[in-house]
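Going in written order, the chains are labelled A, B, C and D, and every chain counts its residues from 1.
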Amino acid sequence: MQRIGVFVCWCGSNIAATVDVEKVSQVLAQEPGVVFSTNYQYMCSQAGQEMIQQSIKEYGLTGVVVCSCSPRMHETTFRKTCEKAGINPHMVEIANIREQCSWIHKDKEVGTEKAIILGRAAIAKVHLNTPLTAGTSPVVKRALVIGGGIAGIQTALDIADAGFEVDIVEKQPTIGGKMTQIDKTFPTLDCAACILTPKMVDAAQNEKIHIYSYSEVESVKGFVGNFNVTIKKKARYVDEVKCTGCGLCTEKCPQKKVPNLFNLGLDNRRAIYIPFAQAVPKVATIDADYCTMLKSGKCGVCSKVCTAGAINYQQKDEFFEQQYGAIVVATGFNPIKLDKYDEFAYSQSPDVVTSLEFERLMNAAGPTGGTLLRPSDGEHPHTIVFVQCVGSRCDDEKGKPYCSKICCMYTAKHAMLCREKYPDTDVYVFYIDVRTPGKNFDEFYRRAVEEYGVHYIKGMVGKVVPQDGKLKVQASDLLGNRQLHIDADMVVLAAAIEPDETARPLATKLTASMDTNDFFTEAHPKLRPVESPTAGIFLSGACQGPKDIPETVAQASAAAAKVIGLLCKDNLTCNPCTAEPNELMCNGCSSCEKVCPYGAITYVDKEFRGPNRTTLIRRVAQVNPAVCQGCGACTVACPSGAMDLKGFSNQQIMAEVDAICR
Amino acid sequence: MVDFVKRISGVNPRKCMKCGKCSASCPAYDEMEYHPHQFVDMVETGRLEELMNSKGIYTCLSCFACVERCPRSVEPAKLIEAVRTAVVRQQDKTHLKPDAIPALLDDELPQQAITSAFRKYRK
Amino acid sequence: MTYSYFPGCTLKTKGKDLDRYARISATALGFELDEIPQWQCCGAVYPMSKDEIGTRLSSVRALISAKEQGRELVTLCSACHHVIKRVNGDVRNDEQIRDKVNRYLKLDDAYSGETNVLHYLEVLRDRIGFAALKEKVTNPLTGMKIGAYYGCLLLRPGKEMGFDNPENPTILEDFIRAVGADPVIYAKRNECCGGYCTIENRNYAKKQVDGIMENAKAQGAQMLITACPLCMYNLKENATDGLEVKYFTELLAQALGLKEE
Amino acid sequence: MSVNEQFQPTIVAFCCNWCSYAGADLSGTNRLQYPANVKIIRIPCSCRLNPMFILRAFQKGADGVILCGCHPGDCHYTTGNYYARRRMTLLFSMLDFMGIERGRTRVEWVSAAEGAKFAATMNEFVDTITKLGPNRRLEDLRCRKE
């Protein structure tokens, strides 16, 4: 018989307000095996933990039940507490009487009754707990970063700084991500390329960092400390080693009518291209959708002009495998498609642009060489209307339900830059709210209004009508209580941002969870913001939620710190709750082997003692505890009931069922 | 009365985030003394009397531009219709009397226009 | 292929052309429009109030007729299409309305929105196909620059009508291409024409129509086409200096060589 | 009848540790109410749920059993919820054969982000079970209290 101690936590008033903690501890004291029962204001505090440890020693407890918050919160805390007092950490069970009781019920009587039942279930389980010892598994000292934008680059640099190998997998031909397309950054207005490109070069030159550009993650197997990743290197039809990045081919290619995606289709490039001058790696790539040679076998100009002999039309996609201890997701974001919002005439007029397109039109390396010109006729615009919250903050069926966070600030930046460069332009910004919670952000916005004379109007644009070379904007001015009609030259839409389309399939490969908007979820929204709930998977940048550059970089470094913390260890403690077969009952049917997602089960021939002093050789299952993750699929598949899961055994769960139904 | 308007329109004015998209889209804006966004707010705060006496409720074209474009799916047109319905259902509150029709006709006016107006303006 | 057909009141009177050309074109394109028996006026405006049952009944009767004939119901007038389609949606999705309607009509066979409602244009697009239509054109209207005028009723609310992208529709443009002419895209093609308010306040409708015409002309349109008799009236009668306006079915008949000169 | 009004069903909810248990925690964190009849048992994965546990619960007097797991494709253990889905389909058709009302058992996918869905599901389920009344067919009378 176990000697069990019950500790009921008040959690201040969080539990005590709807659960009579005194009664709970008194009633549970009557349960068989309970030798001590008490309650305390904050069980997780220093004093509370000491109380548990003292009681363990004083009453010779062999098992502990803590009635408190969710085990996802403090199970580890209490296990450590008990371990220090000399009992096995797996002799502790938590009854979740906060998240699953006091917080969801208002009636104290109901809450108390339920808390008692939950406590009983935990006690019933502890009776059947056995001390468990965790094994260890080695850590591969190499990290994978998926996505080579500013988030991925920063994470990789920080991990490499600590002395670990890092691979960056980037689907585009160059690293750099969205930040390469941005002109200036708020609120300091320094040039994005000037602060980003040195980092790109650092990453390329760092011995510990290996960049796989134009590559994608094909599949992921394994678990924390030991992931096995297959990477697909897409055919770029150019030998990366031989190519010197001279760019001659990109000038001679006769296929000139390829939309330049780096400039968001605002101008054209050739079928063989280097995205931009500072690309890393600076290697040409052939766009197979447009290349005449690849499509019809007639051309070959690039191959003729290439003195390095780097062009290879026969190149195929390559696949290779690599082991990693940790994986960082940094897949970033994209502006949404605007076909649902054509009241702004985005598809009808080239002068209606998204904010990212506007960045290119302002950028010295952009299609207009940095002079702001209308895409339709190349004239200077004199009246520019900015519209915020396009597709953000919507009802679910109308768009994205969240605030895209960065739009208020970049719109203020755009408006300010327009007025600064071209003081003769009238700039209107239509807003619902101006949200500027960041260091020096509100000051920046106020400067746009006060010093730069940007017209901020509380209201929305309802309709844009392209007519006679103008954009007739119909909008509301809520504070002026009037409808406005503005003849604009350009309309700039602050389109909502959404996670990259590769994020969802990647999450499935990683078994990392996502929210309903396809942003990756973090292990804890406040306390573990850079870890995914899946061990060994970390989150960096906008794949976790909309973020500006400073936040992205901060999160990227935080993710790196977590990765370093993991890679520093030589071994990881495994989950001790693994499957274990009872060899005497196992009949060697292989049912468990077939369902195991990790291949942790093998079969061995073993000698058993038979009747009349004979020896029998039987085929029985064997579980590799370092590989088993403890899902329990095999325990249910086993027809003879030989397979059981430590920590969640059939007996334990049934004891809980009994206690609840009693 | 507010509950009645909310019930027959099926609109929850609490969903409104006061962005002004409806008033920006409305082609009848200048014909109304209370504009669509105010309409939603006035229903929410219970200022129905003013709305019911407003001429603006007869100028809504039911073109559904506000319904289509509202980012929060508030559907202001349904509120306006509900208030108008509440008015014309009262005794002697018919907005368009059959006697007035002949004077408004011309040779080309389609039946559809008369039927529509009748459905909108009287019960 | 035979469809049940709901012409609506105006198509029997002021909007005869819309109806007549639709029928002869249908025959030429290989489908029949079978007018449902004893149909009643749809009411011309969709009753938005949830407690309006009486005003929904005529639509439901038409829908039931089609269901009994075991066919899809085709409409032509924008207003009829709007009303019947949305009422059908109500009966399908709103339990209260379905219940009340069925009780009121005392039906042997409960109606719960089984009929599929199609606009004539949807038949052309989804059943005939604009490519097939193009092949049947004997008299292509080459060189004509035509603006499509959608108005509001066909498109909005996009979720309920499910007709086309309500902010950037293409069905009439595709139709114009199919009959050999060039579509002119102008932003105000889905702005309201002033609708029934023309009865009380003609200036208001005038303002709307002038804006639409101005925009269409500026974008290079020489003619507008529409599917709605009320839009037709407003565009014709209330324009200060308007373009020619035709029903899309007249254009169709013309392109198919069916229009008597 | 007053008996029916007082009927408080006992409901056992098995929640996988990674998604649904976290979802249940989230509905607590957001203070979303659902009846106290629901008692949650944490299991590592929905595929840990042995059909035996469900039968045991009914035998011991539970009136309804619900299994919550990660959405298909999102299982922490890659494929566990697919196993659970197949097993439950079989079990439920067997229960059906035995004359146990289909509504007494349910499987629902609840992610860690779906606190609201968890609460809504539980409200619905308790409602269904309350309407169905006590489970008499599978209850072992020897286990009945009093």
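Simple rule for what comes next: a contact is a pair of C-beta atoms (placed from the backbone, for glycine too) under 8 Å apart; a residue touches a chain by one contact, two chains touch by 3 or more.
This one's a predicted model, so the numbers in the text were calculated from it and none came from an experiment.
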Number of steps on the shortest touching-chain route linking subunit C and subunit D: 2
Pair with more cross-chain C-beta pairs in contact, given B-C and A-C: B-C
Euclidean distance of C-alpha centroids - subunit B vs subunit C, Å: 23
CA centroid of subunit A to CA centroid of subunit B, Å: 46
Centre-of-Cα separation between subunit D and subunit A, whole angstrom: 30
Multi-partner residues of subunit A (each touching 2 or more other chains): 343, 397, 463
Residue list for subunit C, restricted to those that touch at least two other chains: 167, 191
Touching pairs among all chains present in the structure: A-B, A-C, A-D, B-C
Interface residues, subunit C side, partner subunit B - complex: 8-10, 13-15, 41, 43-52, 55, 77, 79, 152, 155-158, 166-167, 191-192, 194-201, 204, 208, 229-230, 232-233, 236-237
Parts of subunit B lying in touch with subunit A, wherever the complex brings them together: 15, 17-26, 29-30, 35, 37-38, 65, 69-73
Footprint of subunit C on subunit A - complex, ascending: 339-343, 345, 347-348, 397, 463-468
Complex contacts: residues of subunit A adjacent to subunit B: 343, 389, 393-395, 397-399, 432, 458-463, 474-478, 481, 483
Footprint of subunit A on subunit C - complex, ascending: 159, 165, 167-168, 185-188, 191, 214-215, 218-219
